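Below are two complexes that have chain A in common, paired first with chain B and then with chain C.
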Partner chain A sequence: MKKEDMVKLISSEGFEFVIDKDAAMVSQTIYNMLTSPGSFSETQHGEVTFPEISTTILEKICKYFYWHLQFASGKETEFHIEPELTLELLMAANYLHT
Partner chain B sequence: MDRGLVGLCIEAACRSSESVEKWRRQRRSLERLPSQLADALLRRLLARRLLFPSLLEVFKHSAEEIYLRGENSVNAEWMAYLGAFRNLRSLNVADCHKVTSSALWAMTGMTSLKELDLSRCLKVTDAGIRHVTSISTLEKLCISETSLSVDGIPLLSSLKNLSVLDLGGLPVTDQALYSLQVLTKLQYLDLWGSKVSNNGTAVLQKFSKLSFLNIAWTNITELPNLSSIECLNMSNCTINTILEGDGGKAPLTKLILSGATFINEAEALLYCETSFLSFLDVSNSSLQRFCFLPLMKALKHLDLSSSAMRDDLVENVACIGADLRYLNLSNTRVSSAGVEILTGHVPNLEILSLSCTPVDDIAVLSISKLPSVKVVDLSNTNVKGFIRQVGAEPDSVLSLEALESLKHLEKLKMEQTRVRDDALKPLSSFQELRDLSLRSTFLTDVSLHYLSSLPKLINLSFRDAVLTDSGLISFNPSATLKLLDLRGCWLLTRDAILSFCRNYPQIEVRHELAHIIPKDKFGSSRPSPSRSTSRTLWVNQQQGNIPISSYFEDQRLKYSREELLALQYSSLYLVSPLDRGITTSQEELN
Partner chain C sequence: MSAPKKKNFQIEAFKHRVVVDPKYPEKTWKILEHAIHEIYNHNASGLSFEELYRNAYNMVLHKFGEKLYSGLVATMTSHLSEISKSIEAAQGELFLEELNRKWADHNKALQMIRDILMYMDRTFIPSTHKTPVHELGLNLWRDVVIHSSKTQTRLRDTLLELVHRERNGEVINRGLMRNIIKMLMDLGSTVYQEDFEHHFLEVSADFYRLESQQFIECCDCGDYLKKAERRLNEEMERVSHYLDTRSLDKITNVVEKEMIESHMQRLVHMENSGIVNMLVNDKYEDLGRMYNLFRRVPTGLSIVRDVMTSYIRDTGKQLVTDPERLRDPVDFVQRLLDLKDKYDKIISLAFGNDKTFQNALNSSFEYFINLNTRSPEFISLFVDDKLRKGLRGVSEEDVEVVLDKVMMLFRYLQEKDVFEKYYKQHLAKRLLAGKTVSDDAERSLIVKLKTECGYQFTSKLEGMFTDMKTSQDTMQGFYASNGPDLVGDSPTLAVQVLTTGSWPTQPSATCNLPAEILGVCEKFRSYYLGTHTGRRLSWQTNMGTADLKATFGKGQKHELNVSTYQMCVLMLFNNADRMTYKEIEQATEIPASDLKRCLQSLACVKGKNVLRKEPMSKDIAEDDAFFFNEKFTSKLYKVKIGTVVAQRESEPENQETRQRVEEDRKPQIEAAIVRIMKSRRMLDHNNIIAEVTKQLQARFLPNPVIIKKRIESLIEREFLERDKNDRKMYRYLA
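Up next, the complex of A and B:
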């Protein structure tokens, strides 16, 4: 796997999630960060830090990215969300435009 | 609900009362919740019947817009919580019958509220409005059909920021209206059914920004000039003159005079600038000559239903037809000759209603020459579906064939006509048709079979027909079909309908014996309090339990030909066409 095809998402606690660029681009916000013209550090290093998003939530979001790709390709499974996570996840999803 | 993560989260949060319990303790998250998410979550909770007063508490910092219209449970306790919502901008509690004047006390002094709808809250009186008048930020207030008295109206004069005020159905007198003249920001004023008379109308001129005025069902006969008015409703008034007086002409775009009686037709609209008018409703009015119509060059929407419009006056419509999109001629004496006059003059006409007129198949030919038509209503007309031509071979042509030339035709209504099976054959090639309504005791399985080939059909109404079980089973609807209305098809059995529903679970079927709503639609749609769904639920449960028995054979055993004939005579339906229908079904069954 080439390095350019991956991105690193960093949670508020500093945990790093390395995922496929295609998956991360499910989020309109990340898509804009990675493709916007000009030399944002995000575009150059393929790294995005989310000081507002906790590790648990960011992990769930990464799972969602992959689930979404699968769902779009026709594999209809359910994406389970624990009730305890709904509010935090809701706000993060809203911020990430997913 | 969209499949995005936001939608999934809201869905997960509203799955059950247990899931609500799990997240409602996260006080910090709830405070930070952006308002549009809070509002969406509230709406979903309400639709899932999971919202209760103390749960409202957690939204008091975040919610900005709350829509509770028609929720019977909303009472003083709910209002007590809502009164503490510091960022609430808009609250709709219309039709909430438990909202009383004292319940509104909790709203006293709310600081962000701009819009409040209390329409038809019957227990709200003058005392309740006193509480409301303490909310000085209000810009929009709807209190139509509350129990406000004439003494309560002047209290509203303290709400200086009001731009929208709905006082429909309230006893507003000339005196009371006079007290409201300080509300100079008013743009929208609804006074239908009030006691305002010609003496009070001068006050309306003080509202220099007024663009919408509804004075339907009042005794006003002469309306003075209001130079900013754009939309005027004087339905069911007796009209002498409209907007007569000095000053600039009003830029009228919408005029509703439905059911109005005109004292002098020629003078009534003499003072109005009608060349910008795009919407005119004169249905049910006393107009006889329509002499003002030729001036209304910009009309897009014209409702002449139940008026005295007739063939020799259609010329007045044709000459302003260039922009016309909607034309309603139902319940008039316009015949096929009148429709013919329109051809060539209404190039943009999209919606045409001719129901309850004496038009026949010649009109169908004329309609086929209207290039933009999308919706046609020919219900209750003399349309038979074929035109007899003397000496020609064959001696009759199917008139509906002509409509094939209409590339945009999406909706066709032909209820209660004398069209028979064979005349409907051309329908099978209507590629764009999405909506079709047929209702006749002349139609049988054959007609439904023709409709199998319509590729884009979404709604199909096939009522009162001699449709048999085998006709329904052999019907092969397009994948797009969502609604099949079979009410009045008295030969159908419950088993056949349920079996059809099992084969096509995406279709909602309506019939006296079963009303089946697809499960996915049932789950996501907001259950309205007025529509009882208990029966539907029952049907849905039953659906699963019915053994896949041989309903087909069952039918043959159930009725003999004699019994069917006996059934036929016991009904109110016409006799002759049924013979054929039943014969067909018997042949197919055997």
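Up next, the complex of A and C:
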């Protein structure tokens, strides 16, 4: 994988998740961050820091991105969400416009 | 998240977040405002999208959307005012470039800002029915920059000036033009229309009004049209390069109106170069151009068509009424055909085979061909000429072409029955004299006539062909059965048995046949009546021909090809060297006019004068005397004497034929009236006339006065009666 095709997402605790750009762009917010004209620091460095999203949630989100790429069109599988994460995940989803 | 893209739920903030710094909105806004400044200053590289987005997100979430929005409007407005100032300050040529550059900047900045404020766009704006960020940016640009008092007119004038310069042949920066026009379009179609298009069209109209005025003063029609076409193409090209495609129709309309519509009449009637000139000189290219240009304006084509029609009518009328032309019917018809060919070609090459033009052409031909009452006769004569000699050695396809053309002229004739009459006469002469070049061609024409006018029209013509065929068989039979008796010196007889009715027989004026012939004739009569019972034979001596062998003074022999009458006369000289006119008349009983004509051709034509006349004069008088001309010489062995070729009729003959045609029409009109009344039972006068005309149109155009006479005649004979209450109504009596 070329470096340009990857993006680094950093959680509030500083954990780094390196995922495919295609996956990250499932989020409309991240999509705009990486494609907006002019050069925001995110576009330049290929990394995004989320000071308000915890590692657990960000991990779940990354999982969702890939699940979405794979299955979103069909309804065969379910994306499992632990009940305790629900609320925070909901917040993050609204934020990321996913 | 498990149901992606469901956006219509609102998330409440966490409780602990509610307690915020009272300065929080102010602080957050400052960060964003700063970012917007940086973006406009091309300094965005240091900014974190996430941070800005998060701030905007939080502001909206914490109900400070209104502040964010109004802050945005204020900040953007102030930036745009500055931009506007710098644009206004740009000098001359740089104005548009500056505007274009700033517009590109603004667009980019606007997109970045929109991305940052996406959350506001998504939630706050729809719920408060405000203008989305992008649109807001465009609106502000329009109001602050484009509609600033200094820029608005300057921009418009600059653009129009550039167009004007391009029209005058200068090269302008089309890319820049396109960008600026695109900007106006992006700002909304009303901006484009009001700030540019409207004025553009007005200026263009003025420009072309003036230019067309100049052109028309100094150019001829062809050049003018070329210029107009070029201008039109230029405008279309302009639209495709840098204007809104929706302007295409508008600007072309302007050009069409100013350059074509206002000058149409003058153009088509231009002396020495208008339509008439183009038609005369076959200027296909110019005509084609005119067609294509005039087609664009509503009444354009009808003007072209009218001028063409009236011109064709005029030339046609001249042609058919020119007494010079009437002398040679073949040439006359050939000229008609040439004329038709010429215009067919023009219509196909220049007018795109336009149906309306074809119709106009046809109606013009119909109009002037029927101006001359002798057209049917001439057309038949033309066919006669072609079938006698004109088509010899011509390939079958070419024959068809000629025949098709004749049929086309035939279609224009209103008096098709007159044509039929003449055609019958001419065909009869051709068949009897064995002069027809090709049986196939003859039949082909009959088939064409049949498809055109139906079985009735040609049944008699076909009957004539059948008679010829049966006659051949009859003659074979005759010689087979009488063979032995007829060998030797007795003349060979070829009889054509013609069915009365099918052939145009004249009142048979019999003459006394020479004894030698009479014998054979009698034998044939008895043979024929023996094989066919219940028939009557009468000899049409005026239609036959004969071949004679003659020996002259110095012993030279010639074969003379003569008519039956001439044969009768010549045979008399076997027994006498000198005969007076009276004696000849008495001996042969040939009708005086025919006799005179045949004596004239025997005695007065140089090189064919087998008889000598006293006194020597051109005309035959009652007391002339005739001698056998011993000194007759000819280079040819076979001498053809005074063959009766079909010629255009003399005036009295013509009258006679007319009269016969009129007679023939009467029963046809009556039959039509009876047919109509039988189905309608009751009908008023005008409708009868209309219906009869319609029914008979295929053959001729009946005259209402004659129809009226026929109706009266039918009333007398009690086929019809007048209604007792309404005198205009007729009732059918079964």
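Everything below uses one rule, namely that the second predicted complex is superposed on the first by the 94 of 98 C-alpha atoms of A that agree within 3 Å, B and C clash if a C-alpha of one lies under 4 Å from a C-alpha of the other, contacts with A are read in each partner's own complex, and residues count from 1 in each chain.
To be clear about the criterion, a contact is a pair of C-beta atoms (placed from the backbone, for glycine too) under 8 Å apart; a residue touches a chain by one contact, two chains touch by 3 or more.
If you're wondering where the values come from, they're calculated on a predicted model, not measured in any experiment.
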item	value
First (chain B), second (chain C), both or neither touched by A:F50	second
Touch count on chain A, higher of chain B and chain C	C
Touching partner for A:A93 - first (chain B), second (chain C), both, neither	both
Touched partner set for A:D20, first chain B, second chain C, both or neither	neither
Contacts of A:E84 with chain B and chain C, given as first, second, both or neither	first
Chain B versus chain C as contact partner of A:Y64, first or second or both or neither	both
Overlapping contact positions on chain A, where the chain C interface meets the chain B interface	64, 68, 79, 81, 89-91, 93-94, 98
List of chain A residues in touch with chain C within their complex	28-29, 32-33, 36-44, 48-52, 64, 68, 72, 78-79, 81, 89-95, 97-98
In the complex, chain A residues that touch chain B	61, 64, 68, 71, 79-84, 86-91, 93-94, 96, 98
Chain A contact footprint on chain C (complex, rising order)	1-2, 4, 7, 11, 39, 42, 44-50, 53-54, 57, 108-109, 111-112, 115-116, 118-119, 122
Chain A-touching residues of chain B, taken from the complex the two chains share	3-6, 8-10, 12-13, 15, 18-20, 22-23, 26, 29-30, 32-34, 37, 41
